[in-house]
Amino acid sequence: MSAGPLRVGVVGLGRLGKRHAENLAYRVSGAALVAACSPVEAERTWARDALPAPRVYDDYHALLGDRDVDAVWLVTPSALHAQQIIDALRAGKHVFCEKPLSLDLAECERVIEEARRYPQLQATIGFMRRFDPSYRNAFEKIEAGAIGRPFMVRSQTCDQNDPEGFFVRFAPTSGGIFLDCTVHDIDVARWLLGMPKAKRVYASGVVALHEGLREFGDVDNGVAICEFEGGRIAMFYASRTLAHGNDTGSEVIGTAGALYVGRNPRANRVEIADASGIRNECTPTFFDRFEEAFLCEARAFVAAVREGRQSGATLADAMEATRIGFALRESLASGRAVDL
Amino acid sequence: MSAGPLRVGVVGLGRLGKRHAENLAYRVSGAALVAACSPVEAERTWARDALPAPRVYDDYHALLGDRDVDAVWLVTPSALHAQQIIDALRAGKHVFCEKPLSLDLAECERVIEEARRYPQLQATIGFMRRFDPSYRNAFEKIEAGAIGRPFMVRSQTCDQNDPEGFFVRFAPTSGGIFLDCTVHDIDVARWLLGMPKAKRVYASGVVALHEGLREFGDVDNGVAICEFEGGRIAMFYASRTLAHGNDTGSEVIGTAGALYVGRNPRANRVEIADASGIRNECTPTFFDRFEEAFLCEARAFVAAVREGRQSGATLADAMEATRIGFALRESLASGRAVDL
Amino acid sequence: MSAGPLRVGVVGLGRLGKRHAENLAYRVSGAALVAACSPVEAERTWARDALPAPRVYDDYHALLGDRDVDAVWLVTPSALHAQQIIDALRAGKHVFCEKPLSLDLAECERVIEEARRYPQLQATIGFMRRFDPSYRNAFEKIEAGAIGRPFMVRSQTCDQNDPEGFFVRFAPTSGGIFLDCTVHDIDVARWLLGMPKAKRVYASGVVALHEGLREFGDVDNGVAICEFEGGRIAMFYASRTLAHGNDTGSEVIGTAGALYVGRNPRANRVEIADASGIRNECTPTFFDRFEEAFLCEARAFVAAVREGRQSGATLADAMEATRIGFALRESLASGRAVDL
Amino acid sequence: MSAGPLRVGVVGLGRLGKRHAENLAYRVSGAALVAACSPVEAERTWARDALPAPRVYDDYHALLGDRDVDAVWLVTPSALHAQQIIDALRAGKHVFCEKPLSLDLAECERVIEEARRYPQLQATIGFMRRFDPSYRNAFEKIEAGAIGRPFMVRSQTCDQNDPEGFFVRFAPTSGGIFLDCTVHDIDVARWLLGMPKAKRVYASGVVALHEGLREFGDVDNGVAICEFEGGRIAMFYASRTLAHGNDTGSEVIGTAGALYVGRNPRANRVEIADASGIRNECTPTFFDRFEEAFLCEARAFVAAVREGRQSGATLADAMEATRIGFALRESLASGRAVDL
């Protein structure tokens, strides 16, 4: 690695893409945002205005041909991820890609196989919770033995209800609540429990508010149990309908103690005492909750590339989370436990 | 009902029996503890010393023959409950009986059938959480519509680890973790969700510390999902191995909000700030956590008898909780979902 | 002391008097409520209906003549306390008296002098916080060295605002906010700091809502600093105008840690998550907050009489709290520090 | 203002200076760190290594002569602040200066007078709490009327004990605990109470651990009351000896509610449940607590300069905080209330 900064090209400039672009442009030391790509004219205009003079592309392959780009940062629609990763690796670029790797297991395998040919290139899937300072603190405490042997994770990904049910429109392609939301919790459980192999899952769920999900076999509140080898187990909860905000957190139980991450999704350090009691406001969205995690994730990727080591979730991790997510979806549909 | 107090005979004077006896003797207005029964000499001596001059029996049927006893309060081994309830009803006594009604469903039905013949007699199974002031407050908030339509309950019964594993000795007769612990959560879920009918369950679990449980097919940490009709669902967790105390609580999620009961099992109103951070101590046992619930439960029973109405969990409620508990046990053993 | 219960006569049956009467009648083992006294007809009727057949008096001296009364429990207007205590002692009765001992220091001294002649009689002033389980737990932790040497107490007595300003009517006789409210915090500070001698105080305050207090030189929000000998110090806050409930608590800071009692005046173990955030409701009044303290206080008094030892705040403690309270009032009026 | 970034020169590269320098170099969009100045060789070396190629000076006046510097950022010893601000203004530079403006009131006035001659130049004193997101949120809630009319602030600045008592060495020049620590709380109180004029103060304190402070008339735990005009009041607490961390927070009480900022100085979103109870770790230092505030402060300064408006605490605010701090020190020394 040269002494200069890692030159990154961001691909996809939607809401999350913009955040990644700004982080890489202004807040990640060791990185330089040199290129941005979007098929949307307005997004390219934004890139020209808000970012420090990157080259702006409307075509992914043009960006891949830019020799000044060391790494691509994919914040594109899920269906494109697999091929875009492969193309990036073939073009000699490191790849950071938002989750999921793919909603097709065969495709996941294809990407993994291809990546094996480029051991010198970093390819990471963005499970940003691994970089959230609180999750990381919990992970380090577990490593240090603070709770003995961890054997259970309870983890949830719960969004504040969107009365307009925007996400219902994505139901046909999202893969369903378990592949869209719980996949984060699956990765967290595996990571905090020492990467055990999953044995069996069971899932269930209800439609509490968004009737439009029924035609896609999806639910707006899902629950699941995942059994791992070695006497380890996880419980998951995903919701699209919470009243109080984005309430995303995890609990790890060990033989000598337990850790909670984010048990109260407090928005800040303010408490309000009034006639309704004493309260704190909550983080409205995962953007608010994980603002720092996205930044730390970017810093970690850049550092890892520069130091020639893996950081964050590997392609194999992403595939395993997807595999478990698929089994959850199958269990939800069948009402039966699914062996893995 | 006469204007005088309800005259109660306590049967069984183990740890929990003693607490019930003291509550009824000294803290429940409208009740008089007039009799106590135990086959254990030391417990009868305790009754003579600590209680206000009750008649002390070593034989249950002798107590049933005492015409000054209006109601019996059964705190006896589970295997005796069913027949003792039947005998009490036949002797014309109201009955309060600690959970479970029975670990045999046919026996449950036999008791219910018998009880139908004595509509003037109260027969209640002691699911004391319904009387805990915080649970009751949550119930009333739900009734008042505070969280919209409740559709999910997450509930747990978790004991502090007993390094000597005392409960392992009871594994042969306890019915297993779901019938011993989760049965409370099942009742809470039914109660807070509006008494829906269960459709299907799935359960799993691990032995984290107490290997001796394996030979009985039991676990020291169990998890479960229970699906009810009408788009309602429950998740359960039971543990024998927590480090921090008895951590028993519930969460109810509705379409317009959620309620937590006992999310932090704080022992009292004290917080300690020292080099380890800021902490509260936890309730060590369910006795500490539910001290007030046991008392409120006794008061409610006495009031209900005097007013000629049902209070607390009926025999049918207890049977339904047992039925679901059995299905959880079956699921744990088979690794399959069980339809009800 | 005979083996029988302590026979108590309650004097004064207002709101707090009724609570004491019920506690002594039904919830304090070792006590028998045998007499009740009130000049108010309606209160005597209540006593006949709600209590277990006590003798009911309309005249205090008639109750003092009742030879079956071992102890009197004074819940009468403050101005009567001193003389009633003296009369009770002269009649050979133990005395429990609600705070304050007196708002006249010379009168305090007179009572203390009189009490010295009856060393066999218990005379206690009702600073109930010393019996609140959480305060007691904090005290025991301090005794056990949990926070090193305690050197600072911050303590507050804050009522929910009464829009009708009922207490304004009592302003002429209450002694002002420091003698009415802060006197509890003064006792707590002395108790938790090892009974140091006060050296100097400074007080200030504002009228936030209840303008009617101005004519009495009183405030509805008062603050104060009290310096003790030996490098110990206290800060006090008293309010009549909080929006969220009765918020009464204390903090003790030591050289190795700190303890908080009641930092969040949570009403129960319920938390509510809704669009306003996550909140707990608060204890509306000191009755709700200190329900258990009043009961423990009564139990402790009865046990102390039966065991022939002092329990709770002595007359001297009460006088010292009053003396400091007077100095605070003087400081508020003068805007100057007052040396003691 | 040109369209380019604000070109900043940082002066003083101690621990806090380094943080400011890094923020300005890498995290503040709209700013460019173009110069750094320190008389310490090691610090200049750090600047060359860690910062993006600034011009590095060992002499302040040389930096002032650099025409590419638009603004200076003073993180120098307190005694230098006043003259350095004056020199910067005379050199045509905007000035950000860490608190305090000066520990000499005449000098404060001299700076203010000089600054009046340069109305086009921004001069701000770094009371960073005004930029902490939680403090700002509280401020906005107050502005929006969430707590009615605010009339009381309780605010504290408390450091974790440094067993080596490093700060004792600074006692001769720090101005004492009130001018060093409480000055922040004074500014917070003024800001949250609507900039009222102070009328009278009283202060007291103890030496809990650091006996070395006595010779300078300083304490390691100080308390104070500050009365403002218009029926507003503040209580302050400052400590150098807490066991659990940096515990810095404030409470604002209004006629319709109260706000707490930072009531529990939690380090992150992790809670630990083990045999000692349930706890969170605390922010060890004000660096950890106010990391984001320092950054927001820098962004706000840059934005304000570019928009030609004042942001943050003015020189007059700083002088007023110092004036109150002096009165507190005088009160501590004399044991008397001090009128302002």
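Chains here go by letter, A, B, C and D, matching the order in which they are written, and residues are numbered from 1 within each.
Just so we're on the same page, a residue touches a chain if its C-beta (ideal position, glycine included) is under 8 Å from a C-beta of that chain, and two chains touch if they have at least 3 such contacts.
These numbers were taken from a predicted model, which means no experiment stands behind them.
Asks: Between A-B and A-D, which chain pair shares more contacting C-beta pairs?
Replies: Contact tally favours A-B.
Asks: What's the farthest chain from subunit A if centres are computed as the mean of the Cα atoms?
Replies: Comparing chain centres, C lies farthest from subunit A.
Asks: Compute the distance, rounded to whole Å, between the mean C-alpha positions of subunit B and subunit D.
Replies: The separation of the two C-alpha centroids amounts to 56 Å.
Asks: Distance from the CA centroid of subunit A to that of subunit D, rounded to the nearest Å?
Replies: The answer is 38 Å.
Asks: Let me have the rounded angstrom distance from the C-alpha centre of subunit A over to the C-alpha centre of subunit B, please.
Replies: 42
Asks: Spell out, as numbers or ranges, the residues of subunit C touching 2 or more other chains.
Replies: Residues 147, 242-244, 256-258, 263, 266-267, 272-275 of subunit C touch two or more partner chains.
Asks: Show me the residue ranges of subunit B that touch subunit C in the complex, using the header's touch definition.
Replies: Against subunit C, the touching part of subunit B is residues 26-27, 29, 133-134, 137-138, 141, 146-147, 249, 256-263, 267-275.
Asks: Where on subunit D is subunit C touching in the complex?
Replies: Interface residues on the subunit D side: 147-149, 151-152, 154, 200, 202, 204-209, 221, 223-225, 227, 231-233, 235, 237, 239, 241-244, 253, 255-258, 263, 335-337.
Asks: Which part of subunit B faces subunit D closely enough to touch in the complex?
Replies: Within the complex, subunit B contacts subunit D at residues 242-245, 247, 264-267, 272-282.
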